[in-house]
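There are two complexes below, and they share chain A, which is joined by chain B in the first and by chain C in the second.
Our next item is the complex of A and B:
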């Protein structure tokens, strides 16, 4: 029975329909796993009682042959920056430590409507500002692949580290993350799971507590590409409550079996600029191997140039901080969230609330962002960064004239040790960690990280596929094709 | 609360008042500009579904978005875009095919997001122009036309309300996110009367196109004025901003006061400071609210949660609203009505201005004329003089009139055809405006108020009056011309004002001459 959780959604759904397992047992198992895996700290809140209630409801539906979808009764986890009705949503911050939303994010609502059972809210860097899941008031989330070292532990990556670990450990089948500069793909890469960043506008942001509105997208973490497709099919599509969601019908993606897929004559680009100085040789080799493999399988693999890539990270950083400074302005302790015990004046109340409620990373970004937005600096920083953002988007537009898809690293190496990771400050670390992931957010295009193999240390190595806007069907088909060939040794298969 | 009295317009002959404009006008040039916030007539807020109903219980018109609850997003209210475009077109603005929303940041307890969503960089419309009549009876001898340019028109959110008590501040978010149109006028005006006339014209227009209730007392229309003075030929002076102006006459008074204050300051060797001053309508003066020494940097940033706002026009059919369709639906605007009243109907400039100033009277006028063929000038005269006198006496507003417009038409008909005289007309009007159960003709009949026009009957009456007033007749004959008036008065009294006085005049003269 334990192994059910290590399988995939389709298989589990079949077992549930057949009646060979039931959702109550499945969810109990999942909750048991959550307790077992507490040592990795993937969850901020385990929603035990709600999960049990929902599993009973789901069980009744299966008995009356009225299951809502393939996801009915399937345990899932959601990053703790998506609002969930009556379930606290903390953003791993003191500011929202006791914030209980009265509404569901659209993504959550659609999953619940499909019958999926939430088992917990996952850990992240405070307000998703980070790439390690180390800056959480609930402590860091640890990588599961290698544990119990005297040097400490390896990081899970972030900021959706809790979601990646929840999925990698088989505590649940799928988890929702968010991706602003790589926050879904980065931990997916380090934890050895599939991480999809959909096209901007394909999935509603309503209820996702924003980091950078113009770049945020809900992300999906699963162990298989097929599972990822099932979740995407459930959450994608126009939402009238998100004016930036794309108003066109979403056609559900159906991928054929892996052996029916062909990549003959598929044009795949290798952008030279993604080969940066800090790229590890193991990732480079993996990149080369897969490029050669794809060529051997009939794809046309060619080198392409995206000349503005190197400028992307600094511009990303400026735009990020500007929007952060604006988005964080609402946390003043008046309407909701933490309020400092300071009543001498309204201004002092704001200041004290924000000083205690935010960590240093958040405060630094607010200060930097406000500086960039000052009227005397606006053109120098914000406008210029927007111009470069346009050039980066143009790089992508141009490259689609040559190729249909890009193959790049996701991260520059395998997961770093916690002590090494925190030796650099948040800004420098993000500049390294997000190098290959954030240009995608600047342009809005979709990308998926897929685990390829294990490094010499025994940590996952992953690669990223990038497609043009709304090319998820093709992107995920290629991901599935590669997945089938590389047969990544998933963590859950160790047992 | 002071009683408002309606102005009675004695128009013929016109009172020869002289302008009360300051005598400094040769020396000083005055520059006045307005910024107007008009609350859009809409059921729900600019970016949320919450109601905009006035005086709802505290914090009941609040959507999650209005409280800036994390994760919520703005959704633009289409009705507000319509109202904005309609207003822009009515003010001859150039509507932007694409406009953008910006965030304007500042911390304030009643602004939960820490920023206001407005349109700073690329507003909904720019470059408008409005012509309007400046005419305040008692101030201006004759009306004159003024022109003001509109710099920009933008959509933006209102803030909430802070209620300060001794120890606590309470916040009411009912108003937070209520849709506003902000109108920025170029400083093309020269005094308070022009500013008030502009606001009045704006109110007429916005009410006519139904984009704003313009109830200044509810804050639905808020007017800020910028005032500066400079010596002729010199550069513009430092300006002050006037806030808290609660009525149209307040605009005139506040600006007038501020101009005079600035002149006093400068003539006594002082300097005008760039500051915000509040109009105290009771003390009739402006007082310092806050100085602008600390320049706020609002750190404007494009609102990333709203795509560019597109307005369809011409060949471009894609957009939130269609400007061409809206333009076609704009009703006749006040200036057009005035032109028509003067041209087609033949009213004087003064009459047409005053009628258009009172929408309620105007609709009575137009409806009455539609129903029957009566003398339009006479009708206008009756409405603006006789009716206004009655309303004033009874402390009523034209809105309180209960009878339909044709009652006035019918009464005018009676007057025109000599069935009643002007005095009777007033008696009838006084009755029907509050009790419309009986029509004027019937009322005249029931009350026996038909005019006595029969020559023989009048002659008999006049003879009786002469018999009763021999002393007066004697005096008249001795050359005391005034005595004739007394005789006329006696006839009027005897007939309870029913006699056709024009005829009596002739008869009396004839009879007195005969004696």
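Our next item is the complex of A and C:
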């Protein structure tokens, strides 16, 4: 009976319509799985009573043949930096440990309106700052691949590690993450699931607790590309409540079956600069193999150059810290969030509240951001970084004159061991982990990570496809094409 | 000036593209060093006066030795950008710069209730948000 959780959304939806299974049983299975997989620590909050209530509502709808959509009754997970009404939303921090939003983020509302059932809020690096899901007050999230190691566990990647694990284990069919510098694609890569970063402005950010306003987007994690398309079709599109939401009509994506897809004469670029020293030979080989495979199948594969790639991580780092120092200013303990017991003065209250409420990573980014924003430094660092950002965005604009999509690695290797990961500080670690992912956020373009095969150790190896703005249909079509050929051995296939 | 040119040259020499392998897809690594930039001899670390100012601006409590070291490393890392030529380049503030900002009619769409707005405050004074009575500005020497 468990097996139904390991399928895809379309199949499961059909079973629900036919009445072969009912929503209440499905959700109970999912909740049971959530308990079984507690050892990986993917959830901060499991919304048991809400899930059961919604499963009953969904069941009634199916009985009266009034299912809202393919997602009706389907168990999903949402990263704990998206506001969910009456369900605590913590950002894995002491600051918001007891914060209970009074509204749903637009992404959440659209999923609930489609009938999807929330199983829980997933773990993340505090305030989405990190690439390991290790900096959370609720402890790290562990990778599901290769457990019971003497040396400890492999990281799930981050910052949307909890969402990736919820999907990889089969607890949920889909999960929402966020992506500012790779936070959806990185854990997707390490956990062997599909991770989509949509075009900036395509999906509403209303209710997504902001990290970097000019780069944040909601992300989607699923086991298959088709499932990703179903979720994207549900959440994408203009939202008048988000001023950075693009007012253009969104046409739902319909992908043909994989065997009907053709890549003949599709121009695919291989950006040379993404091949850096630290790239593992296994990822390089995988990258090469897929490039050659695509060429064999009729695509035109050529090398392209994106000369400012090497500056991207530094530029991202500066812009990130500057925006963070501004975004985090709202946390003063007065209107919401943790409030320290310090009544001698307002400034002392703020300082004490924020010292306790934020972890070291967050505090250090705020300090760094304020340094770069000092009048004496503003032009030298912040304005300079914004100019370099244009150079990076121009690199992307220029390649679209030559090719339609790019094929690159997602992460530089397979998942590292926790003890090795924490041996570097957060910033150095991000510089390495985010190398191939953050240039995409700088330019705002869409990208998807797809699992290709397992490494020698037995951990997932993934590759990334990048397209021009609003090219999600083509991007996901190519992703589906590759997915069909490589037949990645999903974690749930073991059962 | 000469120093900048040499440094620029060094950076660009650091990676090379093997044109002969254009047909073969197996590439030579673009040998990019993503580690820390070489020590700039003029860099002495950030002055304690600046640290105190940053504490006051950030309001995240006192900075430890470790925090100061982290900040110095961060700045050193950021200095890699200083050599990039941005002549005639405008800052990119938002990737949506070519799309006009959406506006709406100036009508009230009241969805918030007072109760919702006050609901998450740890402390209220007669239905008002409240701060401590005195605003004592932290001076450089005050210790938190």
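The rule is short, and it goes like this: the second predicted complex is superposed on the first by the 495 of 495 C-alpha atoms of A that agree within 3 Å, B and C clash if a C-alpha of one lies under 4 Å from a C-alpha of the other, contacts with A are read in each partner's own complex, and residues count from 1 in each chain.
In this text, contacts are C-beta pairs under 8 Å (C-beta built on N, C-alpha and C of every residue); 3 or more make two chains touch, one makes a residue touch a chain.
The structure presented is a predicted model; accordingly, all values stated were derived computationally and were not measured.
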item	value
Chain B versus chain C as contact partner of A:115, first or second or both or neither	neither
First, second, both or neither for A:313, with chain B first and chain C second	second
Partner chain(s) touched by A:272 [first = chain B, second = chain C, both, neither]	second
In the superposition, chain B vs chain C on chain A residues touched	C
Partner chain(s) touched by A:431 [first = chain B, second = chain C, both, neither]	second
First (chain B), second (chain C), both or neither touched by A:210	first
Contacts of A:375 with chain B and chain C, given as first, second, both or neither	first
First, second, both or neither for A:42, with chain B first and chain C second	neither
Touching partner for A:333 - first (chain B), second (chain C), both, neither	second
First, second, both or neither for A:384, with chain B first and chain C second	second
Chain B and chain C footprints on chain A, overlapping residues	99, 102-103, 214, 240, 243-244, 325, 334-336, 346-347, 350, 370, 374
Chain A residues within the chain C interface of the complex	99-100, 102-103, 200-201, 214, 240, 243-247, 270, 272-279, 288, 291-292, 295, 301-303, 305, 308-311, 313-315, 317-318, 321, 325, 333-339, 342-352, 354-355, 358, 360, 363-364, 366-368, 370-372, 374, 380-381, 383-391, 393, 425, 427, 431-432, 435, 443-444
Partner chain A, residues of chain B touching it in the complex	64, 67-76, 103, 105, 107, 109, 112-115, 169, 171, 297-301, 304-307
Complex interface listing, chain A residues touching chain B	82-83, 89, 91, 96, 99, 101-103, 105, 205-210, 212-214, 240-244, 322-323, 325-326, 328-330, 332, 334-336, 346-347, 350, 370, 373-375, 378, 382
Contact set on chain C toward chain A in their complex	11, 15, 17, 22, 25-34, 46, 50, 53-55, 57-63, 67, 70-71, 73-75, 77-78, 80-82, 84, 86, 89-96, 99, 101-102, 104, 116-117, 119-123, 129-138, 144
